[in-house]
Amino acid sequence: MTEDADTLYREVILEHARHPRNAAPLEHPHRRARAVNPLCGDELELTLTMDGEAIREIGIQVRGCAIAQAAASLMSKAVKGIALSEAQALGRAFADHMHGDETSLPAELDGLRPLEAVKQHRSRINCTLLAWQALGEAAPLVEK
Amino acid sequence: MSFPSPETIRADFPIFRREFHGRPLAYLDNAATTQKPRAVIEALVDFYEHHNANTHSGVHTLSEEATELYEEARGRAARFLNAPSPRCIVFTSGTTAAINLVAQSWARPRLQPGDEIVLTAMEHHSNLLPWQQVARETGASLRYLELDGEGRLATEHMEKAVTEATRLLAVTHVSNVLGTINPVERLVRQARAVGALTIVDAAQSTPHLPVDVQALDCDFLAFSGHKVYGPMGIGVLYGKSEHLDAMEPHASGGGMVLRVERDGADWMEAPWRFEAGTPNVAGAVALAAALDYLQGFDGEALRGQEIALTGYALERLGERSGLRLYGPSDPAQRAGAIPFSVEGVHPHDVAEILDGQSVAVRGGHHCCQPLMAHLGVPALVRASLGLYNDTNDIDRLAEGLERVAGIFRHD
Amino acid sequence: MSFPSPETIRADFPIFRREFHGRPLAYLDNAATTQKPRAVIEALVDFYEHHNANTHSGVHTLSEEATELYEEARGRAARFLNAPSPRCIVFTSGTTAAINLVAQSWARPRLQPGDEIVLTAMEHHSNLLPWQQVARETGASLRYLELDGEGRLATEHMEKAVTEATRLLAVTHVSNVLGTINPVERLVRQARAVGALTIVDAAQSTPHLPVDVQALDCDFLAFSGHKVYGPMGIGVLYGKSEHLDAMEPHASGGGMVLRVERDGADWMEAPWRFEAGTPNVAGAVALAAALDYLQGFDGEALRGQEIALTGYALERLGERSGLRLYGPSDPAQRAGAIPFSVEGVHPHDVAEILDGQSVAVRGGHHCCQPLMAHLGVPALVRASLGLYNDTNDIDRLAEGLERVAGIFRHD
Amino acid sequence: MTEDADTLYREVILEHARHPRNAAPLEHPHRRARAVNPLCGDELELTLTMDGEAIREIGIQVRGCAIAQAAASLMSKAVKGIALSEAQALGRAFADHMHGDETSLPAELDGLRPLEAVKQHRSRINCTLLAWQALGEAAPLVEK
């Protein structure tokens, strides 16, 4: 009866939605991006500080559903410390995977497996991609 | 006139034979689109199996039949709205297309800087964006009538709804989010007093209330087939003949011209001049079947039952803690939509969990972002009623909300 | 791939079970609209009985299904045209709406006095009036490519089809009156060489020929569902992404915006930004079924058979005295339409008498008044072929014409 | 089989179509009108000379189908000599009759009975009304 919704709202998802990791906005970010999901109005702000090419710190604020929040939180854990370009490539791989291509999930994204249940809910897939979308577009901030 | 129970009515709708997650569907998304009775589906099939042809200018039997069916459907739509003549009825692809037609054909060539278009804070994007576009193109400005705490037009705003600068009042008859029924008749009188025209967005009123364009005395009115149990891809623009006859068509092509030369053309009379291209004859015919179906019921009894069901829903939902209802508290002041929010749970998560229980509601901004901004919410959950809903559907909604609470009450 | 006989194909079309004046129908009005195979009617029924919902932004199962079916239909249309991506496909209500969209969204904001739009003398009003309107609104001018004695684009006009002033070439792929197949690929190349864009009216080519937008390399292309055995009220605009992405939507409303505030809005990406309002999901789904049906046949074999049947018709009709045929004499240079006149008898009288014999043809100007003026006739009779026609239909046409002669040969 | 078309194209119709009465344009008309049928492109020119209120002479040129030609010819015979306003009223009565109202044909229009078969052919009814339409709009010519 309620398997569908239950698999979607597994404990790990709910836990991340309730207590999102890396949720504080960074004070002196090097990069920033904003992403919105037009269909549901979800909004996300992402800030990064960098160590050369690598992501040092990440801050994401989500105004959206539990899936979008959990997805952002799980993503923030996965990309910390790796090169931005590599993280962006992981984002593309994740999007392909979620859209049902026969690609397997990169090992680096093992922590995001609980989101796989969303594949069965087409209209929600974008909720899992919002943070990656922002990461893909994170633009350098020019010092004023 | 018959008045069967919702259960009997459901038997007219093939979709309810289908099971979702092992249960029949509690379909509470009627403000988005309604389900289709057998009579409407059969009208489509009958048309395509027996009468399919292009209209007008064809001499053969099929084409004559198609033309007659199409023009009969126009007459049927006119009777549905109590329009003085079928010639006031333009078929469009829906409400959105109808409103854009008025925006481009009536407003764009006529408005100018200093002119004012009056809207309400509860307009659907389809009765808002076309006016923003006209305002951009003509220099006219938009003004909004604000809402009171129950989501009704605020009395003090109603009083000064129009000014000497007002050229057009564009107002929804019933809010697709709040369910609020607006006092359109009164607003039209006020507009008329300052010489302004009125367009009524009847997408959400036609499924629930009798709509009489002569009683309302509005200049234009639009509705969609798919929201009154008819097919997608067809809708109606009503316009007073004095306006339609004076308007240039916005889209041009086959079927709407008297004479075409290489450098110019003469349009046919209204309404045909607004119907460029092959019309959606099957859609019009099936829309007529939908209007027959809807008006086959005793409208007053139907409305009485809907008010009772709305009252039941407001009560059942109102008793839940953490649930906030929006819209008028008096069920008689609303039609169809029952919006709410659940504390700490995003509307999409609510809708998703309800879907797992085979309860179909919608979560989102419902194409009313300015209203969401006014209410200070990103989105709302909305249950919305149709002919076939009963207390059982509301009970299942309430049980589903119990499940939502269960899932999100872990801490 | 299968290649059944026209007789077998007729069995797929329920309308041919009906008798007219005691006979099955010889339906030769396919250029106006085609009949619908069972698969298309069933797709409509299946949608309304099992999947009916509004698309996008709905979370519940039905709405997800409807959205998926709708976007799959977009993909199906893209494959039909060999478009590089479904994002190049905008659903409209038909060819006329698609061309008006390009006229208003692409041309109106871009053209200016001195600019030139090139048309042909054989354009349907739907690919003519929108450009007249743009010319009036922008000060651009129209120029026409003339025809030779067989109703083909005259060679000397082809050579100087475009000039440095040309901004747009709007040309029909196949003439709905003459049946002429135009050398679109060549015209597109010429246009591209001077930096002009091209829009191809494929309303009459899609039912008969493979249409490959990448091979044609056109910028826009339009066709109608109802002419390719699909339902009424749905059509397709193909556009290169570079253009669609740069165009402002012409109609606005629900379903095509990212963010709406009281004073402005941000559009969604193409193609969705051009699809304001509830889409005709059932229509798109049934159009996809029609494309499946059409492409289920061996296209080359079908085309071969059509050429043979056209040849047979030209011969049968050509041997009648007092009958004048129009269009290319080579059947391989034409598709579908077979126009003619009968000396001393008005086309409507011809069509009427044929109708009495259950032979459905069309008499009139066929929405091509400038072409009629060019040919020096007020109207023509037109027989036009579909998948299900065979020599028997042509024989019945010829017999019917015998009857016409009998009635009008009294003096 | 062919009853339909046969009833429509009765001998009297064909005869009038072939040899239309009052088909010559009048040289010094007092009134003139033009009517077109947008759906089939038929065109009709009508000229009148008047004896006070009464129609003295009538001239009609039709570019159209046999039905339109015969209808114009039959009409021209029916209205000659009667008051224009009366003729226009007859035209309205004829239109109502053709459109299937339960009105009977005025005795003055007995000669137009052969056109009644057109009632069964909706798309052609306007062909029978074209001349009457022009008559309804026949405007006085201002002397130059």
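To keep things simple, chains are lettered A, B, C and D as they appear, and every chain counts its residues starting from 1.
What we mean here is this: contacts are C-beta pairs under 8 Å (C-beta built on N, C-alpha and C of every residue); 3 or more make two chains touch, one makes a residue touch a chain.
All of these numbers come straight from a predicted model, not from anything done at the bench.
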Comparison of C-D and B-D by number of C-beta pairs in contact, larger one: C-D
Interchain centroid distance [CA atoms averaged], chain A/chain B, Å: 37
Mind checking the centre-to-centre distance between chain B and chain C? Centres are C-alpha means, answer in whole Å. 31
Cα centroid separation between chain B and chain D, in whole Å? 46
Interface hub residues of chain A, defined as touching at least two other chains: 39-40, 121, 124
Of all the residues in chain C, which ones touch at least 2 other chains? 57-59, 63, 257, 259, 348, 352, 355, 363-365, 369
Take each protein chain as a node, join two nodes whenever their chains touch, and name the resulting shape: line, ring, star, complete or other. other
Spell out all pairs of chains that touch, sorted by label. A-B, A-C, B-C, B-D, C-D
Complex contacts: residues of chain D adjacent to chain B: 36, 38-40, 121-124
If you look only at chain C, which of its residues touch chain A in the complex? 56-59, 63-64, 67-68, 257-259, 268
Touching residues of chain B toward chain A in the complex: what are they? 21-23, 345-349, 352-353, 355-357, 363-365, 369, 372, 378-379, 403, 407-408, 410-411
Interface with chain C, chain B side, in the complex: residues 14-15, 17-18, 20, 25, 27, 29, 32-33, 35-36, 40-41, 44-45, 48-50, 52-54, 57-63, 93-97, 99-100, 124-130, 132-133, 142, 144, 224, 226, 231-234, 251-255, 257, 259-265, 276-283, 348, 351-352, 354-355, 360-365, 367, 369-370, 373
For the complex, give me every residue of chain D touching chain C. 1-6, 8-9, 11, 14, 18, 39-43, 63-67, 121, 124, 127
